[in-house]
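Each structure below is given as structure tokens.
Shared between the two complexes below is subunit A, which pairs with subunit B and subunit C, respectively.
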Partner chain A sequence: MKMIDDNKFSLMSVLNKFGPFLGLLLIYGLLVAFGPDNFGSAANLETIARQTSIVGIAALGMTLVIILGGIDLSVGSIVALGTVIAASVLQYLVSKTEASSMFDMLSLRADAWMAIVAVVAVLVASAICGVINGLIITKLKVVPFIVTLGTLLLIRGTAKGLANQQKVDAPFSWLNQLLAPPSYEQRWILFAPGVWIMIILALLVICILKYTRFGRHIYAIGSNEQAARLCGIAVEKVKLMVYITAAWLAGIAGILQFSRLSVGDPTVASGMELDVIAAVVIGGGSLSGGEGSVTGTIVGALIMTVIRSGCSQIGLPNWIQEIVTGIIIVMAVTIDRMRHSNTK
Partner chain B sequence: MHNSSVKEKLPKLSMRNISKCFGATVALDNVDIAVYPGEIHALIGENGAGKSTLMKVLSGAIAPDKGQMELDGKPYHPHNPLAARTSGIGMIYQELSLAGHLTVEENILLGMEPSVCGLIKRKDVRQKTAQALSYFDHPEITPGTKVCTLSVGAQQLVEIARAIAVGCQILVFDEPTSSLSGHDVQRLFKLIKQLKDRGMAIIYISHFLEEIKEIADSFTVLRDGKSVGSGNITDTSTENLISLMVGRELGKLYPRSNRTSGKVLMEITDLAGAEKPTQASFELHQGEVLGIAGLVGAGRTEMIRAIFGLDSVKKGKIRIGSYFGPASPIRRWSEGVGLLSEDRKCEGLALSMSLADNITMTNLSGFGPLGMIIPARQLAAAKFWIDKLNVKCQGPKQKAVDLSGGNQQKVAIARLLQHNVDILLLDEPTRGIDVGSKKLIYELIDKIACGDKDKGIHPKAVLIISSYLPELLGICDRIAVMCRGRLNPAHLTKEVSQQQIMFEATGSNGRDKFQK
Partner chain C sequence: MKSKLLFLSIVICLLICIQSCAKKNGTAEKKRLTIAVIPKGTIHEFWKSVNAGAAKAASELDVDIIWKGPLKEDDRESQITVVENLVNRGVSGIVLAPLDDTALRIPVANARWAGIPVVIFDSGLKGEDFISYVATDNFEGGRIAGKYMADILGGKGKVIVLRYTEGSDSTTQRENGFLATIADFNGIEVVSSNQYAGVTTESAITAAENLLSRFRTAEGDIKVDGIFCATEPTTLGIIKAMEGLDMLGKVKLVGFDSSNKMVDALQKGNLSGFVVQNPMEIGYLGVKTMVSHLRGQKVEHRIDTGATLITTANINEEKIQQLLKPDLEKWLK
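Presenting the complex of A and B:
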């Protein structure tokens, strides 16, 4: 009797670990077998990776937030704010010729420096968004859903105001190449720089969750906040840090979004927070906290891109993609629920 | 002689003249307590006597208004729970405070992970965990196990290991046995005695005076926020402890009027659930109290859940009145059956709602026309029961969460009465509540079963599950014992002894068959 239980449990734990990944393989395999001819090609894989990177990076932050037992609805707005700020800063710097001559003195190409300044500006702005989210949640004790619902509008409005309600043109810089497919001479890098950024950040977040006290405390708070407090964990500080990190990662996603658009668009990525949350949830994250994994999240994001790109390459209309994605999300969470009731 | 030599030592912990007020309520009034190393000190008192507040002061969760605390003779002023932990005070709470998603290892060192620049030192973690777990011989508790997959008893051990890993010298156990089965209780006692032999000072809080007699060396009794007595446990009697706790002669603890049982209200034939019970048959008559005894895990709760339509019925018949068919809780309520869950906090009450809402929850009709709820009428109905059952509260608008355990239980019973059910299924109705409140609940059950002919109140049928044998013997008319899912035929209480019940509960049907 005991033995059977153990076997069942270990099968369950295999599903726990690789469930989303098996799902991804299944969907991908189906599309390769029955979909368009070149769906299995290396070039298409590279495209899928590039299309995943923006949602993927934002979802890394969301993974932390959801493990913590919170939610962050403002990520889409932060992405939009990121594109606007990156574009505005570049535009401003170009208009100031003095500035560019100063960069010349530093014997670096002017546009390279401008892009760095733009990136720093985006990171600072998104960190401020994170601080606002985190402080309201921890100091004023408002539930994260409401706080970030508010900041979703607040940040989106700010982005629109900064951009004067229109797209912001920006000069060309290396930022625009972050999500360009690698050229033939550079094919040794395999993926576009933006994809590598996602991979490196994912590894970083994995390490944080696995090997640091900070990561351990995130899980502990999400699992049982009261216990965490009793054990002397600085719950408020950890929460604040997590919301800042999440906003930061959303900011980086914003830079990549800017790279893809090459303009600042205050209306871009509206509704993206839902994709981001879906990625985490498909990957095994539990909205009640304590559960979630980085690899799961990336796989979740990939699943959604594969469905989208598969559907559009087959030539299915947009609405079918949406229906399929919706079904996948509900199925993933249902399987998650069943898994839970089995282990308990 | 031995004891006096212990007392000559410096107390490990002394708390003197501790006072604490919350607004106008005096929670603690000049409380004194001293605990010595290598001693198990029982802290006794009714619910609301101030035990929890005193322990919150000790653990740094709240600051006292006045008074001194000393650890090893040095002043001790914890500002928060972490400071208390690092000073060597470990709390083992009634509601386990573990992070279920984390592993045993991660829980044991939670908040104190050895680390360099935020990076966890895995080697140290493993070593410290192994050291803490070496106290117990429990192979099933491995460092990598997820805590939510462990049994309640094992989880408790993880909590104890956590306190040991931190280097705690004083351990506070708050009602540690309330959710454990008999076997786990003995394991826990063995462990506590081991810890005592290693020179730890242990504060043990429990409502079970038998346990305290068994395990404690000395005691302090709190009543209404004052320490009213202390001494060696061997020098005192249980009756003395009770009268110190209650502050008055309790009189007869188990009231029982002359009851005559009437017609059969509920008849269960060969009931079997998904796993438990495997076989249960009994009749429940109007005007009687039927007790179901048995060990934790025998399937008693599952049986009444199946009767109430909460769990599936595999086979067998349940007849209530003239109805045989399948049931849902809604159907059962409308047939006049009410269930009191053993899990008051999760299933019994909506703690964040008011007493009025809780009492009237199952029956909101009759408070206004067209299904409307007129607050004044709802409050009046709640007030009626609050007065009648003597619930200590500020009024029907108060939230259930603010009440003590005993008063919460009265509110839960009031709901059944407000619904005017004929059959009450009570699962562990006196768990975790103090002896004074227990007595009130016994009186209430007696009154319910007797009815009142003058006021035209019909006698009701009560089925009560309890793991506490003396109370079953005290208040029931008949007692049936469940063992591993099988319900034995009921005995008349007058004709059965505690021993006989224990024999049946442990799976041997009486003395004659015990040999086999």
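Presenting the complex of A and C:
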């Protein structure tokens, strides 16, 4: 008896750990086998990684929020605000240094320091968004869903206003290299810098969750907020920090989005919060809090990119692609629930 | 548990085997060209016509097309993703209507770098990384409208151009084409060409009311003879404003782009004529240009898909009817 129990337990724990990953392998394997010829190529793998990085980085922050038992719907808007601020700052700095007023933005190159200023501006702005989210949630005790639904519109509106309801052209800078496919001379870096940024940030978040008190507190609050409070955890402070971190990571995603678009676009990433939440949930995060893993989230984001990429390359119409993605999300969560009822 | 993992890895290995076998069989029939056609969106009527044109070219030239719009309508990021994915798929060529003249430059440059030629159609792209640009010559479309206006005014009178919106390249071209042609007629004076109507019919009504009431004296004399505008919403807005100011039929109005309401206005005599693009031709020539390039023929760097003037004189001609109501079903099964 005992042996069987043990066996069952380890099978479940393996599935818990690697379930999403096996799913990813299966979908990828199917597409390599039956999909278009080049699906398994290294170039395609590199593209998939690049296309995942923006949602992936934003999803790292969302993982923290969801483990905490909250939700943040404003990430897509923060990404859009990020692109607009990065573009506006670059445009402003270049026009300050250029003597003539009439010039073509696109033929110019911004200096490295200008791009750094733009990055700092985006990080400051996104941190402010996080503070707003966090303060309303903790001080005014409004549920996160409603607060961030409000700031979703608030931040999107700000982005459109800042951009004068148009896209913002920006000069080229090293920022545009972040998500460019590596050139032949640079192929030793394997992935674009933006992908490495995602990997490094993911490792950082893993370490925070595993080895810091802050990380433990996030899990504790998500599992049982009352108990955590009684144990003396500064619940409000932890919540505020988590929302700031999430917004900050969304800001970094915004910088990468700007790198990819090369213009500031206030309408970009609308609905991205849903992709981000789906990535966390496919990866094993539980919307009731206390559960979620960083590797699972990244795998969840990869699953969605692989499906998108596969459907595009096969040439399936968009409506089929949306239905397929929907089915996979529902399936992933259903399997997740079944897994839970088994272990209990 | 180990057995399950083993089972899964066997399945994956099998799949990869099947794939490599399938690849070998596939190489023999690799000659057929596959062209990816990427519109700005897939819902709008305009793009359905473009799709029909592309499908027509594909069946005539015996190639395959992949019609794949951005997952989110009018979303730059989605369109970039589609371009990247189809480049990786290794299509023979890409025919693209860029959502943005700047943001799509990098993916197009990368496609060229990967050895996949790109034809830009419908809307322009900055840079030189594509082999041809297939679209309506909007300046020429404006000239057609200008010539017609001069005709119906008998070469003399006062005209207004109510512009569309700041920063819209295609409509500015139309307006400039109109103004350039009108400038050749000494008897015609342009009394206003610096007002903007905005993007909606509502904003156009307000702008047109403000502008037109300037040219109407208290006694009811109308001091303007012709109006030109470059889009459908602006045209409809001006008609509404003219209705309120009792100018309908007394002032000649020439519009651009088509819709059922515009056809209706033309038949009622509220509109003297309008110039239309040919979306089916845009799709058709986009694919055809790409195929010619791939088959080693030299193609023009700029290809005009034509603009046509529609008036009460020609609206019942079969050719014009086909332009207004193309037979989409035939090509889009």
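Observations
In this section, the second predicted complex is superposed on the first by the 328 of 344 C-alpha atoms of A that agree within 3 Å, B and C clash if a C-alpha of one lies under 4 Å from a C-alpha of the other, contacts with A are read in each partner's own complex, and residues count from 1 in each chain.
By our rule, a residue touches a chain if its C-beta (ideal position, glycine included) is under 8 Å from a C-beta of that chain, and two chains touch if they have at least 3 such contacts.
Quantities reported herein were computed from a predicted structural model and do not represent experimental measurements.
If you put the two complexes together on subunit A, you find that subunit B and subunit C both fit without a clash. Here subunit B and subunit C are compared by how many residues of subunit A each touches, and C touches more. Once chain A of one complex is fitted onto chain A of the other, the partner contacts of A:231 are limited to subunit B, with no touch recorded for subunit C.
Applying the stated contact rule after C-alpha superposition, one finds that A:85 touches neither subunit B nor subunit C. The vertex angle at subunit A, taken between the C-alpha centres of subunit B and subunit C once both structures are aligned on chain A, is 130 degrees to the nearest 10.
Judged by the touch definition given at the top, the superposed model places A:222 against subunit B, while subunit C stays out of reach. By the document's definition of touching, of the two partners only subunit C reaches A:34; subunit B does not.
Using the contact criterion defined above for the overlaid structures, shared-chain residue A:321 touches subunit C, although it does not reach subunit B. In the superposed pair of complexes, A:137 makes contact with neither subunit B nor subunit C. Contacts of A:123 after superposition on the shared chain: neither subunit B nor subunit C is touched. In the superposed model, A:66 lies in contact with neither subunit B nor subunit C.
This overlay, made by fitting chain A, leaves subunit B and subunit C with a least C-alpha separation of 20 Å. Overlap of the subunit B and subunit C contact sets on subunit A: empty, with no shared residue. By the touch rule above, subunit C contacts subunit A in their complex via residues 1, 4-5, 8, 11-12, 15-16, 18-19, 22-23, 26, 42, 66-69, 71-72, 74-77, 80-82, 84-86, 88-90, 100, 102-103, 105-106, 110, 114, 126, 167.
Listed in rising order, the residues of subunit B touching subunit A in the complex are 80-82, 85-86, 91, 93, 97-102, 106, 110-113, 115, 118-120, 122, 148-149, 162.
Within the complex formed with subunit C, the residues of subunit A that make contact are 7, 10-11, 14, 22, 25-26, 29-30, 32-34, 36-41, 43-44, 47, 50-51, 106, 166-167, 169, 176, 180-181, 257, 260-263, 265, 267-271, 308-309, 312-313, 315, 317-318, 321-322.
Those residues of subunit A that touch subunit B in the shared complex are 9, 211-214, 216-217, 219-220, 222-224, 226-233, 290-291, 343-344.
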